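Please find the structures below.
The same chain A turns up in both complexes below, where it pairs with chain B and then with chain C.
And then the complex of A and B:
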């Protein structure tokens, strides 16, 4: 019960934040919420099931292009395109998973990284359709969701928050379900699971597809809410970012990705105002994190004081 | 005579040049406790790994209640009722005792997880430890948790691989009583080094040596078998 109260309270705090924050920060919050949905997707496969993928940019991009191309080339309205983006992310994850899940550990990292690079290079190669390096800017009329105009800050925030809230509650229900227990079983002891009559390959494939749907929805939302899709979103940087968010906030915690995405976003925002070598500061912060709180912020909190935190 | 539930015919499995299991036949009778013994390196763990599907045989056939399961992957054999508990404790260390057993119960599609988990934990005497993290359990309790996970599968055949290894003598007495309470609903195949436990529990014993069946029979027959004595004690000792 207190678990649900906590998460609803977080959502209410986000509603409040929109009302009191100055426009610049409210706008940042919209981006953070969408990125947090992506990080939650990453957390499902990495944090809960122990699948260390270096290729989630491909799933984000699958959603982004799945939605963006339908809007741009086929004139599909934004809401169905958003759903199509989620499906594209899930389908791509299933396809990659069928092959990549034959490996584990370091090989899995490399295989997923390679698939993501294939996706990235394909986007650049087929620049006639994808816009390649330059990308595609979506126009105002293409960015209407349920009558809300995504070129305006406030409605954009509400759509970002609704998406985030759905993702958060779905994930919360997921990790507390029987399937959530299976996810942990994959992370903790795959061989034991097999000898309990579970099929690790099938379970991990499902986990990856769910992770892909989250990532795909996030990618699609990013394109529709902020009006741009480009090849850089399929680059390796966008595979690393969700991992950093998750590690910072706490792998295997429901709220960790939001916290990690928010902190990392503002760390970059703040330090890049001070120095052009801001990535060094970010790197130093991560080294400190790994040394002193390897389980991330919420992971450490859970270990010390809040054992009930999901 | 009781029906054969699990049967191995002429099983062979080699690792490189070593024939770890070399033409083993074994019939498990429904409801019996059958012990599998033999010196270190005799092929016992390899043999039960073939039965449970963790490794594939080079030759031979395995049937469960008449159905050929030789090519069936391990997780499907478990669903058909062959449970295996690991020689080296294999649990989910960072999950609670409850979650460990719940995974076993939900794997076979149990309806009421709470009740089923509680029942399995009661049988091994660990019901009050349900919320504890498995990694923090004593070694003896981890072994019992392993058994509880096996029980929660409601298996037809339970393969116990060196279950008393590392247990204190007081814990062993409780364990013997537990295994005895499982039959005849479950058939037990017990790999065990502790001869007191084997002689106490087993109705029949199969002795493996160098990957082959050396002898098979009741505890009394095995005890008086000279070939077995030789394999265990060395020929010189047996003669003196």
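And then the complex of A and C:
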């Protein structure tokens, strides 16, 4: 019970934040919420099931282009395109998973990295359709979700928050279900679960597909809410960022990705005011995290004081 | 000829990566950054050495790999060792290292590509066409360094210690080998090899803070096709990839060449994880 109360309270706090914060920060918050959905998708595969992928940018880009191409080339309305983006992310994850899940550990990381690189290069190569490096800007009429205008800050925030809320509650229900415990079983001891008669390959594939749907929706939402899709979103950096958010916030915690995305976003925002060395911050954060706090903020909290935190 | 130069430089870089993976079981994502660092330092050293470009370049060949190796050894002692060489944590850490090094190069060195003059400019004139003497020198130098590495690994005591650590870390430690020092040494050696490759290449291409990306991807490809941790396979694969990359890029676009190579490698890892030349573990 207190688990649900906590998460509803977080959502209410976000609503309050929109009303109180000045427009600049409220706008940042919509960005953080969309990135947090992406990070939650990453957390499902990495945090709960232990599948360290270095290729989630591919799934993010699949959603982004799945939605963006339909809107831009076929003139599809934004809401069905958003759903299509999620499906594209899931389908891509299934495809990658079928191949990549034959490997494990270090090979899995390299294979996912390579697939993402193939995707990134393909986007650049077919630049006639995808816009390549320059990308495609979506225009105002293409960015109407149920009559809400995504070029305006306030409706954009509400859509981002609703998406985030759905994702958060779905994820919470997921990790508390029987399937959630199966995910942990994959992380903790795959061999033993095989011995108990489970099919690890099938379960991991399902996990990856769910993770892909989250990432795809996030990618599609990013394109529609902020009106731009480009090849850089498929680059390695967008595979590293969700990992960073999840590691910072706490791998295997429901709220960790939001916390990590928010903190990291403002850390970069703050330091880019001081220096241009923004990559340095990302790099240093990664090294410090794996050295001193491999469990992240919420992971450490859970270990010390709040064992019930999901 | 272009392909041969590429293959030679690639082989040096990839052997460094393969060595680190073979002995330490660490996937070093920062390897490309070490390559870049070698090139950037070569430019810096060449700036400060007056007179003939030859002196500057040879000074760079000595100093740049030494500095890079020292940085690598430091990173190993302060970061990787404390992670107990856990494969997943070290990948995350080396990604962090990559970002730090790239940003450091960008801040200190600037965003522009900088040329380094070649130590000599002899053209080898054959009756029908000419060759740049420096490119031939690069190939021979790379072969010489590779032979030296091979000699070091198979014929010296330090090489024996490294191979022993590769086969069985626990037993090596039981026999009184300081495994930590071996690891730091191997990591430094691997990074140093990448830096040597970069110094050799830099008069032909240019020093740039993002130049580490391509060699990293290619050496990954080489190491995987050759079989993770197998030095002989790495060399053969470097030749194949270096030569074929030139040929494919000539007939089709370089982007397509990279797409094909990357996809092929992913498939090799999926269906033949021991590599094309590696023995089944």
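To be clear about the criterion, the second predicted complex is superposed on the first by the 304 of 310 C-alpha atoms of A that agree within 3 Å, B and C clash if a C-alpha of one lies under 4 Å from a C-alpha of the other, contacts with A are read in each partner's own complex, and residues count from 1 in each chain.
Please note the rule applied: a contact is a pair of C-beta atoms (placed from the backbone, for glycine too) under 8 Å apart; a residue touches a chain by one contact, two chains touch by 3 or more.
Everything numeric here is computed off the predicted structure, so don't read it as measured data.
By the touch criterion defined above, A:199 lies against chain B but remains apart from chain C after alignment on the C-alpha atoms of chain A. Contact with chain C, but none with chain B, is seen for A:240 once the two complexes are overlaid on the shared chain. When chain A is checked against chain B and against chain C, the one touching more of its residues turns out to be C.
In the superposition on chain A, A:166 makes contact with neither chain B nor chain C. Interface residues of chain A facing chain C in the complex, by the touch rule stated above, are 52, 54, 99-100, 102-103, 105-107, 109-111, 114-115, 117-118, 121-122, 124-125, 240, 243, 247, 275-280, 282-287, 289-291, 294. Residue ranges of chain C in contact with chain A, taken from their complex: 25, 27, 79, 82-83, 87-89, 91-93, 95-104, 106-107, 217, 220, 224, 253, 255-256, 258-259, 262-263, 265-267, 269-271, 273. Across the complex, chain A is touched by residues 52, 54, 73-76, 78-79, 83-84, 86, 90-95, 99, 102-104, 106-108, 113, 149, 153 of chain B. By the touch criterion given at the top, residues 178, 181-182, 184-185, 188-189, 191-200 of chain A touch chain B in their complex.
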